[in-house]
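Pasting in a structure now, in structure tokens, and then I'll have a few things to ask.
The letters A, B and C name the chains in turn, as written, and every chain counts its residues from 1.
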Amino acid sequence: MSDAADLGAGPARTFRRPLGGGWFLRQPSYFLYMVRELTVVFMTAWLVWFLYEVWLLKQKAFVSLNGNYAVLVFSVVCLLFTLYHAVTFLNLSGLILRIPIGDRFAPAVIVKGLAFGGLLFVTVVGGAVMVYLGYVKL
Amino acid sequence: MEFPLYDVLIVGGGGAGLRAAIAAAETDPGLKILIVSKVYPMRSHTVSAEGGAAAALRPEDSWENHAFDTVKGSDYISDQFVVETFVREAPIELIQLEHWGCPWSRDPDGKISARPFGGMTTWRTCFAADKTGFHMLHTLFQTSLKYDRIERLDETFVTSLLVEDGRCVGIAAINQRSGVMSAVRAKTVILTTGGNGRIYAFSTNGNICTGDGMALAYRAGVPLKDMEMVQFHPTGLPSTGILITEAVRGEGGYLTNNKGERFLKDYVPSKMELGPRDIISRAEVTEFEKGNGFEGEYGNYMHLDVRHLGEETIDRKLPFMRELGLDYVGIDIVHDPIPVRPVEHYMMGGIDCDITGATSLPGLFTAGECANVGLNGANRLGSNSLSECLVFGAAAGRAAAHQAQEAKAPTSNPVDALLKDETRRVEKKYLESRQGTEKLAEIRVEMQRSMDEHVGVFRTAEGLKEEEKLIAGFRQRFARLKIEDRSHVFNTELTAALELDYMLELAEVMTASAINRKESRGAHARRDFPKRNDEHYLANQIATHVPGGKPKLEFRPVRITHWQPQARTY
Amino acid sequence: MAETVEVTVQRYNPETDSAPRLQTYEVPYKDDWVVLDAILYIKDHLDATLSYRWSCRMGICGSCGMNVDGHPKLTCSAHLREYRRGFTVEPLSNFPVIRDLVVDIDDFMAKLKSVKPWIVRELEQPLGDGEYLQSNNQIDHYRQFSQCINCMLCYAACPVYGMEPEFLGPAAIALARRYNLDSRDEGTVERVNVLAASEGIWECSFIGECSVACPKGVDPAKAIQQTKFDTVNGAIMSTVLMPFGNRR
């Protein structure tokens, strides 16, 4: 800062306004953002449960929970949150990923298409592998 | 009390001021440079310039051509030596700005492009889409951040130049954050405070364009030059005065009256919409008087039509205009004609200075719109002003830097005394007085409206004399001003009052100068003296402050090098 | 009886107030007025002590940003007809208030400078050789990010900046990217330290409100996420794939 900055300046009390804890309730977009952040909790919870089931399998203490409605509901809720996270994330791929084509860049629509296509591909292939290996019975 | 000392102190942080600062820093990296501005630099009014900056860059162009266009455009009272220098320097400045990152629009070969512009016989107006001033200002400001030696005092309002022993030794200014007035010593001061459009009610200028530097210099005894020469831009939006760039006409737009005619065929047949601004503005007003204008809530207007250009061209070359149309008039210029009317835009007049920006007060320099270096004479060609800021901002920066290398540092004691006087003056006049009865806004609005009416596109002896009386009345009322805001922190009523004080001073000079030039030349059009009179008035009018009295006015013959005055027809 | 609209304004005078307070005014309603016109009316006719910043009134100088009904807006482009039933004007969020509607932007000015927003080159081409060649397509790469008018609506809209004032912020990062993408610039490496610092791009959790608030379509959120992607890419390239390669 310049020496001249304190031109005999007296104290000017600026007033700081705190953001406040309820800031995310002020606007729908802020609230949806927090929901998006919340999806991590559900994804983590489901992953922990899944690892627990794998551990049980190793202990040979696995009990099939097919038909257990609590687990089913839990899984569906987690799936919905995960999809919400994935869709909002991949939607932005068109903006963020810049694929150069000559002097210009690929249009956002194409990049998004590739991103969602990629998700679909991994889902289908992953599911096929699971079926093939017998982890999932159709 | 020790006051801070700088080698080069620049008042005003717009195109010219920032360019001057960078030029001074590059001349001598050891110099201490300070930019004092009443706003943050990116708010300076350079930011609103749209159309472009002219320079004879292209191989098919020539300095001589650019110079002649400028001299003819000035109606032959520009200083031809200054013009010749300007047209040689302008190309270098535009390249320099490009090197600093300015996003000039390009031709297919990657070189800087150019568009046609009013009064220019060839395409030499370089542009950055239709936001040339914005890009120029931000490029200059961001580049200025590179230099550690360039310091800034933002939101600091200069109330007076400090003069000691016939030399400018610094400034007195109010720090708006604290409200405290203090002084800064400087070996050289450069005034780059821009125009004074807010003297008029209908102007493209922003709130900050109040002629501060012109008034500061004037009161310090420095003469002002050609103060009667006010440019009215032909195409402003009728309600707000927002500028619709000349580039619209450059790209091929048509001006039509209420009969759908391109009426300029009767006024500027060979150039049509690309005629010089003064002639087109007068054409519009004449058409209004004939009843050929559209009638609206805010007065008469004409149509500026670009529908034939097509959406693609408009989005590529005039995107900002499309936004402005949608935002402020609710029209899409792709489908609707734009309502426009003449609007105050630029001050050709300003602080008298030589080609290096030096004024009659040792230590004081000036550049840009607040200066009158002799480039624009009685009428400025569009796109010469942005180039002017660069060329003469750089010139003043270098000249001030060189002078500062030799000059003695002003001492603090005399500055202290001057500051005390100045602080007393401001406090007594504005903050302490309880006797006042007049409201600031009322005086300001009445002044603005009367200037619009009497010192506008067409002037008459009666109108000007009436204005003279009115201004005297306004100044008396101003002496009885009542400031409601007595606080110190960010008191914008105080700064508005100081600005009004400057504007009233300048309005007096402008009106007196207009009365005294008994001819029509360039932008100064007298109904009672409709012809140009080279015998008596091939000269610049110099106005000097007489404390307590009317300005002293005299004429100084113009310097002609190559081009003898001819009839100015297009 | 002329139509009026009720305008509530946050006032604060540090010399007399310990905290901001609200004051209400009755302002004429005109269909083609903007919020700034209402504020100008208050100062000219009702209360000359109201302080605020404004200049160009055409959305290019960036002075007049304020919160209108809780949302950061350029008051010179906020039309009164969208607030027919009355509205509240407050200083821009997340900035300390100096007086009334005037906020302290020194933090922003410092951040602007910190990203080195100028052309960085090892060798400057002499002026006599003319301009650096650049195509309009190349300008398109960075054009959007060059439109910032420094109005700071994006900082006001960003809760991260509200909670963590050290965050570099949308406009500064977008400006850094503008230069990084400029074909004439070679300064990406120089800007990485500031951008990839913990208060830089990684502070951003992509709420996206900055881009919503931006009146010039700069899309700073896009700039930040692109910078994140490029920075990670660059880090991988330089450490894993091309450790001795050209750094640019």
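Please note the rule applied: a contact is a pair of C-beta atoms (placed from the backbone, for glycine too) under 8 Å apart; a residue touches a chain by one contact, two chains touch by 3 or more.
Just so it is clear, the structure is predicted and the values come from calculations on it, not from any experiment.
No other pair of chains shares as many C-beta contacts as B-C.
Comparing the centres of all chains, each the average of its CA atoms, the largest separation from subunit B belongs to A. Subunit C has its Cα centroid 27 Å from the Cα centroid of subunit B. Measuring from the averaged C-alpha position of subunit A to that of subunit B gives a distance of 54 Å. Within subunit C, the positions touching two or more other chains are listed as 14, 98, 135. For subunit B, residues that reach two or more other chains under the stated contact definition are 177, 488-489.
For subunit A, residues touching at least two other chains, in rising order: 12. Residues 12, 14, 19-20, 70, 93-94, 96-98, 104, 135, 137-138, 140-141, 159, 162-163, 205-209, 212, 219, 222, 225-226, 228-229 of subunit C are the ones touching subunit A in the complex.
Across the interface of their complex, subunit B is touched by residues 13-16, 32, 43-45, 47-49, 51-63, 77, 98-100, 102, 105, 109, 112-113, 116-119, 124-125, 127, 130-136, 139, 142-143, 146, 149-150, 175, 179, 182, 184-185 of subunit C.
Partner subunit C is touched in their complex by these residues of subunit B: 39-40, 42-45, 47-48, 92, 95-96, 98-101, 103-106, 108-112, 131, 134-135, 138, 142-143, 145-146, 154, 177, 206-208, 239-240, 242-243, 323-324, 327-328, 439-441, 445, 483-485, 487-493. In the complex of the two chains, the subunit A residues touching subunit C come out as 12-17, 19, 23-24, 26-27, 29-30, 33, 37, 92, 95-98, 103-105.
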